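Structure first, commentary second.
Per-chain residue numbering starts at 1, and chain names A, B and C are given in the order in which the chains are listed.
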Amino acid sequence: MSQDALLLVEGLKVIFPTDAGIIKAVEGIDLAIHPGECLALVGESGCGKSVSSLAILGLLGTPPALVRAQTIRFDGQNLQALNEQQMAQIRGKDIAMIFQDALTALNPVMSIGRQLDEVFLKHCGMNKSQAKEASIEALRAVGVSSPAQRYRQFPHQLSGGMRQRVLIAMAFAASPKLIIADEPTTALDVTIQMQVLEELRAMQRKSGTALMLITHDLCVVNYLADRILVMYSGKIVETGPVKQILKRPAHPYTEGLLTSVPRLDTCNTRFYQIPDQVPNPMNKPSGCHFHPRCSYAGELCKQTMPSLRSLSPQREVRCHFPLQKGKGGDSQHA
Amino acid sequence: MRTTRRKNNLLAKIWHHPQGQVGLILAGLLVFAAVAAPWITPFDPYDVTQRAEKGLAPGWPHLLGTSISTGQDIFSMLIYGARVSLLVGIVTGLAIAFLGAFMGILAGYGGRFWDTLIMRLVDVMLVIPTLPLTIVLTNLFGKSYGMIIFIFTIFGWVGLARVIRSQVLVLKSSNYIKAAQLAGASRRYIMFRHILPGVSNLLIMSTALTSAGIMVAEAGLSFLGLGDPTAISWGKMLAEAQSGGALLFGHWWWIIAPGIGIFLSVFAFMRIGLALEEVFNPRMKRSGMLLRLFKSINGSYIQEVFDAMDDRPETDEAGKEAAP
Amino acid sequence: MLKVENLAISFPVKAGLFSKRRHIKAVRGVSLTIQKGQIFGLVGESGCGKSTLAQAVIGMQRPTQGQVFFKGDDLYALSTPAFRAARQNMQMVFQDPFSALNPRFDVQRIIAEPMHIRGGFSGEQMEGRVLELLNLVGLSPEDRHRYPSDFSGGQRQRIGIARAISLHPELLILDEPVSALDVSVHAQIMNLLMDLNEELGLTYLFISHNLADVKDISHSVGVMYLGSFMEYGPTAQVFAQPLHPYTHSLLAAVLTLDQQKEPVITRGDIPSPIEVPPGCSFASRCPLAQPKCQVETPVLLEYRPGQLAACHYPVI
């Protein structure tokens, strides 16, 4: 599986030392993305998913973070061995990023056309008029109306959905092999979100770019992703194909997340809630980090952190008593 | 009671900050020197009878020698000079803080009328050339440090008011202020209970930095002879040294001494100001504190932390049962 | 309890010397009624005017036209002391848990602040009430000495809720109270709100862009688009059998976990509130639009008992 992986990360760990204690943001995660695949990294805030992507890209400065990884390999290259300049080269061309807040990701004093041009000029070796043509075409491709006019406009003149589309256009512009999208549609309205997601999916499938989607929204994951990695408190707790996991989750946390999603088709008198809070990253519970909130927790869970084990050739779970066909643990939950 | 608890923490925080510690110690020494001047100086430079031979080189009992022009003990003059610098610097800093805060808050929160009025006033005052005006005023009303404090304050509040006003505008849009308004809070309540504490960080920081700046400016004015001619100040010492021929005769100590005095006082307050800034806005990347923290961390402890994150090999029963 | 009649709010846009005076028509002719103890859900996407409407209801935005009646009194026509008294009877919970609390105040002070401002309570009374409220929202008594920075988003929202109900208000306006929270905390807060509504008999105006939340918590719902209501009625009815094409498109665009069919994408962007097109404001994006829709503005008509829609061709 890891042989033909486009991006291979093994044993990634990130901590932030502070004078109040050590924040353990990422506690040893492995992930692999293959060309053309869409991998979703799912979790709530504080679970370490954004930090992981920043660490992979080398965007975490060494104060304040300390990063260790066994392997970070992209397209055969060891990213950890590269210096800042080389990393910057890769970041623009082979790996592109889409951030959540388009307003802060775009330069407010430059027209969006110029910002798009820059990508083409820098990474595709085009001249100015070629770049302009390519930019307008890119805007059209993501569904921006009147692209020639929009080309001259500034970020604040566009709506949120438009801006997000510009970011997508910029990301796909240099035909990267991998795009990392961190909560790309969270701030958008429902109808706009659908438009943007549809464009994203269409572009991804057409260009065969791999996509790493970071989000907490399981519905978006269902729509876009092939495989999913569920993160909780710095550790990966479940991995596998999206359809399988969403139908039959193996980890209690995944089950909790799925049940918490408000549904339009059923009528609840109460919302399902996972009790308590996400653990304090400086002071985590002993054993399995999830046990204080887990309705299936046993004694073993309080003492030992479970390892990531295979449930099937495609699925892994980190739980002493995973929920799957009555295998192990209580027979009450299966 | 709650506010004093936070203030105590503040002093402690500056103390623990390495730059802040230096600043506090120096400032403390300077204040001590200024206050205890009559007791710690070997001679009283104001006392004409204690004048000694003119132009002595450093030695005993005149540690820094005597002035060429009057035969006063330079060391004693140095100590006494601290009085003027600190007095003018700190008093002006505080006065500017009060006036600047008042105007800033009024402009930011008092309504469009006050805002426009005060901002126009600010624009006008920024254009006025301060130095010629100072010369004119001191000639008209007499050369005293009270005059100088007055003039500095009148011109100095402007910059602070603008900054405070910006901060007030930011605070104004906070939801907790809306909540208070909803509960029926009067404008005055919000100004004193919410806005003022909200700008207090900025105020304290700027007071320290402003004081530093004022000290240099005061030295300059004294050098030009616009200060009280009867008082001893570092600026005046420099002026006397220049006119008395210190360079000519190679009495470098007469020039260096007040120079160091000015430098140290400014340095002390700037350090305190910068420490305050870092305490209030811990900026992770560039903070020197953080780098120091990093260097001091025990490398093997870090390795332990990392190693503890690894999955352990299968030893438990549940593991064997759950595996396919 | 609350009645809004024909509310319209416009903001003038700064115009150059030679261009015509233009206005942002944030709210255009909105009417709604909320009975005591009921929860009214106000749904709409960004820019539809729901926040502006909320500001008008709590007395922070004087309407350009129309009236707000709170417990029978015209809010903006009241004398100043009566106005203050009325407003103390309604409180607001804000969207952003971070800016809603003064970071320099401890929790005790934050929650007791409305009491402090209103006056007439002894120190003991306030402390007792704070403890009572902390218990009600699910926080512990020791928390009252802590500062907001020690708490997570969900907990801060609880503090905000505690503060809002400290003076026993009858009406609570919640402006996207859970939008900024994580999924698991989201559910906790929603449950808390529902419990409080039952236990204390509070009336809510619940504003959200999240349809599922509105569906589960509110008794009646109003769907807003570009400043006016497209549909209005009892929640169960509106969600089960929506009349208006816009409501249909909102529901169809929501992603669900078990995707039986592809979500329907509504093309186009929301028109600008400055240049409101004539006729039905949704006509430019409506899949059912006819020529009449772009000429004549539809009025809210009762197509089914209790359910109103502003459409010439509602989906019956």
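As a convention for this text, a residue touches a chain if its C-beta (ideal position, glycine included) is under 8 Å from a C-beta of that chain, and two chains touch if they have at least 3 such contacts.
Quick caveat, the model's predicted, so the values are computed rather than measured.
*Asks:* Give me the two chains with the most inter-chain contact pairs.
*Replies:* That would be the chain pair A-C.
*Asks:* Determine, using the mean of C-alpha atoms as each chain's centre, which chain is farthest from chain A.
*Replies:* With centres defined by C-alpha atoms, farthest from chain A sits B.
*Asks:* On a C-alpha centroid basis, what's the spacing between chain A and chain C, in Å?
*Replies:* 31
*Asks:* Averaging only over C-alpha atoms, locate the centres of chain A and chain B and give their separation in whole Å.
*Replies:* Here chain A and chain B have centroids separated by 47 Å.
*Asks:* For chain C, give me the residues that contact two or more of the other chains.
*Replies:* Expected reply: no residues.
*Asks:* Taking the touch rule as given, give the residues of chain C at its contact with chain A in the complex, in rising order.
*Replies:* Interface residues on chain C, with respect to chain A: 45-46, 152-155, 182-188, 190-191, 194, 209-213, 215-216, 236, 239, 249-251, 253-257, 259, 263, 265-267, 269-270.
*Asks:* Write out the stretch or stretches of chain B touching chain A in their complex.
*Replies:* 284-285, 287, 290-291, 293-294, 297, 302, 305-306, 309-314, 316, 318-319, 321-324
*Asks:* Going by the contact rule set out above, which residues of chain A touch chain B in the complex?
*Replies:* 11, 13, 15, 17-19, 22, 24, 27-28, 61-64, 66, 68, 234, 300, 304-312, 319-322, 327-329
*Asks:* Would you tell me which residues of chain A are touching chain C in their complex?
*Replies:* 44-45, 145, 159-162, 189-195, 197-198, 216-220, 222-223, 246, 256-258, 260-265, 267-274, 277-278
*Asks:* What residues on chain C touch chain B, complex-wise?
*Replies:* Interface residues on the chain C side: 58-60, 84, 87-88, 90-92, 94, 96, 99-102, 104, 106, 109-110, 113-114, 117-118, 160, 163-164, 167.
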